[in-house]
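Written out below as structure tokens is the structure these notes cover.
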Amino acid sequence: MAGRTHGVVAEPITFGFKVAGWVAELDRSIARLELAAQQAAIGRVSGAVGTHATVDPRVEEHVCRELGLEPDPVSTQVVARDRHAGYMSALAVVAGTLERIATEIRHLQRSEVGEAFEPFGKEQKGSSAMPHKRNPVMTERVCGLARVVRGHLVTALENTALWHERDISHSSAERIIFPDACAAVDYMCQEMVKVLSGLEVKPERMLANLQFAGGVVFSQRVLLALVESGMSREDAYVIVQKAAMRAMDGSGPGFRASLEQDQEVTKRIGSRINDVFDPWAGLEHTDLAYERLSLGVSAS
Amino acid sequence: MAGRTHGVVAEPITFGFKVAGWVAELDRSIARLELAAQQAAIGRVSGAVGTHATVDPRVEEHVCRELGLEPDPVSTQVVARDRHAGYMSALAVVAGTLERIATEIRHLQRSEVGEAFEPFGKEQKGSSAMPHKRNPVMTERVCGLARVVRGHLVTALENTALWHERDISHSSAERIIFPDACAAVDYMCQEMVKVLSGLEVKPERMLANLQFAGGVVFSQRVLLALVESGMSREDAYVIVQKAAMRAMDGSGPGFRASLEQDQEVTKRIGSRINDVFDPWAGLEHTDLAYERLSLGVSAS
Amino acid sequence: MAGRTHGVVAEPITFGFKVAGWVAELDRSIARLELAAQQAAIGRVSGAVGTHATVDPRVEEHVCRELGLEPDPVSTQVVARDRHAGYMSALAVVAGTLERIATEIRHLQRSEVGEAFEPFGKEQKGSSAMPHKRNPVMTERVCGLARVVRGHLVTALENTALWHERDISHSSAERIIFPDACAAVDYMCQEMVKVLSGLEVKPERMLANLQFAGGVVFSQRVLLALVESGMSREDAYVIVQKAAMRAMDGSGPGFRASLEQDQEVTKRIGSRINDVFDPWAGLEHTDLAYERLSLGVSAS
Amino acid sequence: MAGRTHGVVAEPITFGFKVAGWVAELDRSIARLELAAQQAAIGRVSGAVGTHATVDPRVEEHVCRELGLEPDPVSTQVVARDRHAGYMSALAVVAGTLERIATEIRHLQRSEVGEAFEPFGKEQKGSSAMPHKRNPVMTERVCGLARVVRGHLVTALENTALWHERDISHSSAERIIFPDACAAVDYMCQEMVKVLSGLEVKPERMLANLQFAGGVVFSQRVLLALVESGMSREDAYVIVQKAAMRAMDGSGPGFRASLEQDQEVTKRIGSRINDVFDPWAGLEHTDLAYERLSLGVSAS
């Protein structure tokens, strides 16, 4: 399929390679959440200002052990709120990761792209007014909820600087933001599991889009082939850019066809033209991603 | 051109109508900024705690008049920071409006859409490696800066609750966020003026995309025509949805062609089929937008 | 009472003057909310992409009139979200104003300040463990909720840049943030009404704190009196600073007493010393604030 | 010194114990920053869409090794931005920790508290108008900058969801927020090092404040002593609360004196009254904090 930068076709990739990027980011997010959860799983039973004035530290140790918490090495009336801010940060970064994947699917489901689709029930209606509609509503919802979690992080960070041995200003805020953010990210995960496990991938549309404007996605390969043939990079760039721009304008016969009509080009790389426009060329290193992620999956 | 909801073609609109929406939002944003600027154009020369203990209020009035400011009716050591937060809010909403327009252009410039393009110099290179690239870099930049201004608003809002008759915590923050946010929004405006005044609009691509999948954009009109012919809405929905889904799957002959092969459909609306698929039908009310905005422009 | 900057006593003010600053800011906030509410009280019945393709604009006008809304001059599938962001901005600025007042009361209720107190029931317990506790829990709560509303504003601003004629990403977010933010600000207002209408003000503590360190709050008046007597500002500053610092250190007899032991000082301003240390001197212009606010209240 | 919750004196602590809480939080913040820096020290030389189409992965490995970076296991045109968001989160949490310490010092430097002071040069002027002023301007500045960094985090999180194999919207934002946030936190650290290494601590004010209202800070100890003597908790609470409230009102002879006039109280705990009001009682467990932090410091 076409890899895209700036929303513009760039060079070939595979869908599996794209997913590998998601896997790597999700792995990091899981690690982040686990660490943040561990840093927040802290208890204290240390009295009104944290000094254990009226409660033996062994009580704290016993209670925390029973609850599966670590005792805070030093507390005030509460466990310090940097831990909570750290946990909310992890939630917000995870929400951003889910948003990134969701945004990708929303793009792929665009009418003009059509390369992947959220699951859609046989009896489902995308719109009561427009029967043709099949909208990426789950991934849109996930994007919206990521914004909510980001907002909650602002709140959690502001809760850190409590006065002296504690003021209770954080409490009214935490009662809202922590259940809401945890529930939101949990729901986002569930939605994305549904989306990804039921994702309809359209290889034929991927291949068709890869040939956009007669194969401009191969422009770098053409450029390099011309340079290897001895042409200066400047000259080659002008030829390739002109053919590509005309092709994308719709005013020429398509990128590859246009080049094949250019004698200077065919003289130099005509015999290799199938290689230059081979979608699999340049993908030989993508297996590396799976190896590095220990996924044991091959792109081929 | 195709109006799109959820990134999916929906019903026909015109490009001018889309722009009218931008104009309306920009008008609101200008009004917002003007109001916020007026509410922030406040001065005070009222001494260490705002009481005019050592300075006559007439000095304040004179100085403010010279500077084109209103004297604060009551101040502390400073003008209250809700005014500054209000001003930054206006900047952030304006930045969001510019981001909305910029996001639209980024979408329209996607390879597979190709309906409008940022200006691109004759000698310009979109990418040194990929000669075919023409990227919406100005509008992407505008989107990034909108995020920066949003961040600054968080800061400006936190600056409101100063201690007693003033603490100076807001000052270190304001020295950063106000010049930066004002410069960013000014630059965003300049970039968008360049983008919009040099925008390359592609009517032929708009028309081609309007016919996506053989005209599914007209599915509601088909549905309504069938219902008007006496068919139940449920039955009509099933027929139209099936034809549209097949067309979008690429597994049928296109939406209109598919309907024209359906005797039940042609029997009922065959004679009106050109009207049903007329892109201008349904646009007769768009002039209203221009009238309401007093733009005196016609869509036709 | 002592006006304070940087948390440090500065110059005399009155409590009424402080409240006048709140009134002015609340007046601005009410105006902001009213304007934002008006700008958000917009309806549209304009079909799938805003063109009124299948619905007559007169329907829109009728429906909006019935609902007390203005019809959007030009809409997409929805009313543009800058209006909602503008409304949430107004809520966040109002929340910041309430937070500023709440923060002030929290400061005034500090043990060492003790100048004003939230209402406290006869049978109320501030802490089950510490019977002496009387905590400003309502104003702390208000401060926490202001943080929540600020977070929601981030979300509302991100909702502006929807794709094309609408995507639904804003919806999942708005269902959370708008009811929550409106309820939070409403509750904050109710709490602050309770706090302010039941506020216990302690004039005797205000007067006592005004004499902090033997009256350093009058240091500027001493400085100016010495300068008026012909002493250079530099010399006067050194004398006054030294006396004040010693007084605040607790190593001298208090600021006024210390000055009265200094023959150079008494020679010059001894006869005017009561005037210099008169708490009402310098407050004659505070009535101006009430006049400017049309409050018709006098500080005296 | 008095530990304080809600800004109200609560129970005795020591200044060292307070600092131990800062040390623990700073230790966590350093660990957070180190982890985030490590997770962001990632490089990639993998071509236009991350596939290594035109560059051998061994080049990437070599370059990254030279630069002290880990190669990204799978990249797009860029390293994924969750790493950058994670790094900015760590900066914002650290900024919040510095803000917490700075806020504490601002409180301790209040005129009415006076327990600790930022360093102040011999020749320094806190205010040109008010010679007595000694303001916590460095810690106020630190608080303001924490707000700026929080704002930048919103931006960094929004940068995560780039389109496809990268859009460049993050770039304009990152050029601003990363240098600014790193410089701000670095500066905040430097300021806080100056503040803390030059901090003037006032034990005599701490002891005086500990005796606020005749020792209400010992109210829990009185309550517990009365309960141990056989009085019901309800009765004891009423007696202690009444004495404390009167003392804080200034309408009685002070908390301890008031209790000593109450025969019911003296009969029960008169012989132990010095123990009950012993500031060191209840601090025996604070050494635990130092041990847990491996600080090897004793509170005594």
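Just so it is clear, A, B, C and D label the chains in written order, and each chain counts residues from 1 on its own.
Definition applied: a contact is a pair of C-beta atoms (placed from the backbone, for glycine too) under 8 Å apart; a residue touches a chain by one contact, two chains touch by 3 or more.
Just so you know, these numbers come straight off a predicted model, no measurement behind them.
J.: Between A-B and A-D, which chain pair is linked by more C-beta pairs in contact?
T.: A-D
J.: Hey, which chain ends up farthest from chain A, C-alpha centres compared?
T.: Farthest from chain A by mean C-alpha position: C.
J.: If you average the CA atoms of chain A and of chain C, how far apart do the two points sit, in angstrom?
T.: Their C-alpha centroids are separated by 42 Å.
J.: Between chain A and chain B, tell me the centre distance in angstrom, where each centre is the average of that chain's C-alpha atoms.
T.: 24
J.: Could you state the distance in Å from the CA-based centre of chain A to that of chain D?
T.: Computed from C-alpha means, the inter-chain centre distance equals 34 Å.
J.: What parts of chain B, by residue number, touch at least two of the other chains?
T.: Each of 4-7, 10-11, 47-48, 54, 106-107, 129-130, 135, 137, 140, 143, 150, 153-154, 158, 163, 167-168, 220 in chain B touches at least two other chains.
J.: Help me check something: in the complex, which residues belonging to chain D touch chain A?
T.: Against chain A, the touching part of chain D is residues 3-7, 10-13, 17-18, 20-21, 23-25, 28-29, 32, 35, 39, 47-54, 56-57, 72-77, 80-83, 85-86, 89-90, 92-93, 96-97, 99-100, 102-104, 107, 143, 146, 150, 153-154, 157-158, 160-168, 220, 224, 281-283, 285-286, 288-289, 292-293.
J.: State the interface residues of chain C toward chain A in the complex, per the touch definition above.
T.: Touching chain A: residues 47-48, 54, 106, 127, 129-130, 135, 137, 140-141, 143-145, 147-148, 150-155, 158-159, 163, 167-174, 176-177, 180 of chain C.
J.: Taking the touch rule as given, give the residues of chain B at its contact with chain A in the complex, in rising order.
T.: Contact set of chain B toward chain A: 2, 4-11, 106-107, 109-114, 125-126, 129-137, 140, 154, 158, 204-205, 209, 212-213, 216-217, 219-220, 223, 237, 240-241, 244-245, 247-248, 250, 255.
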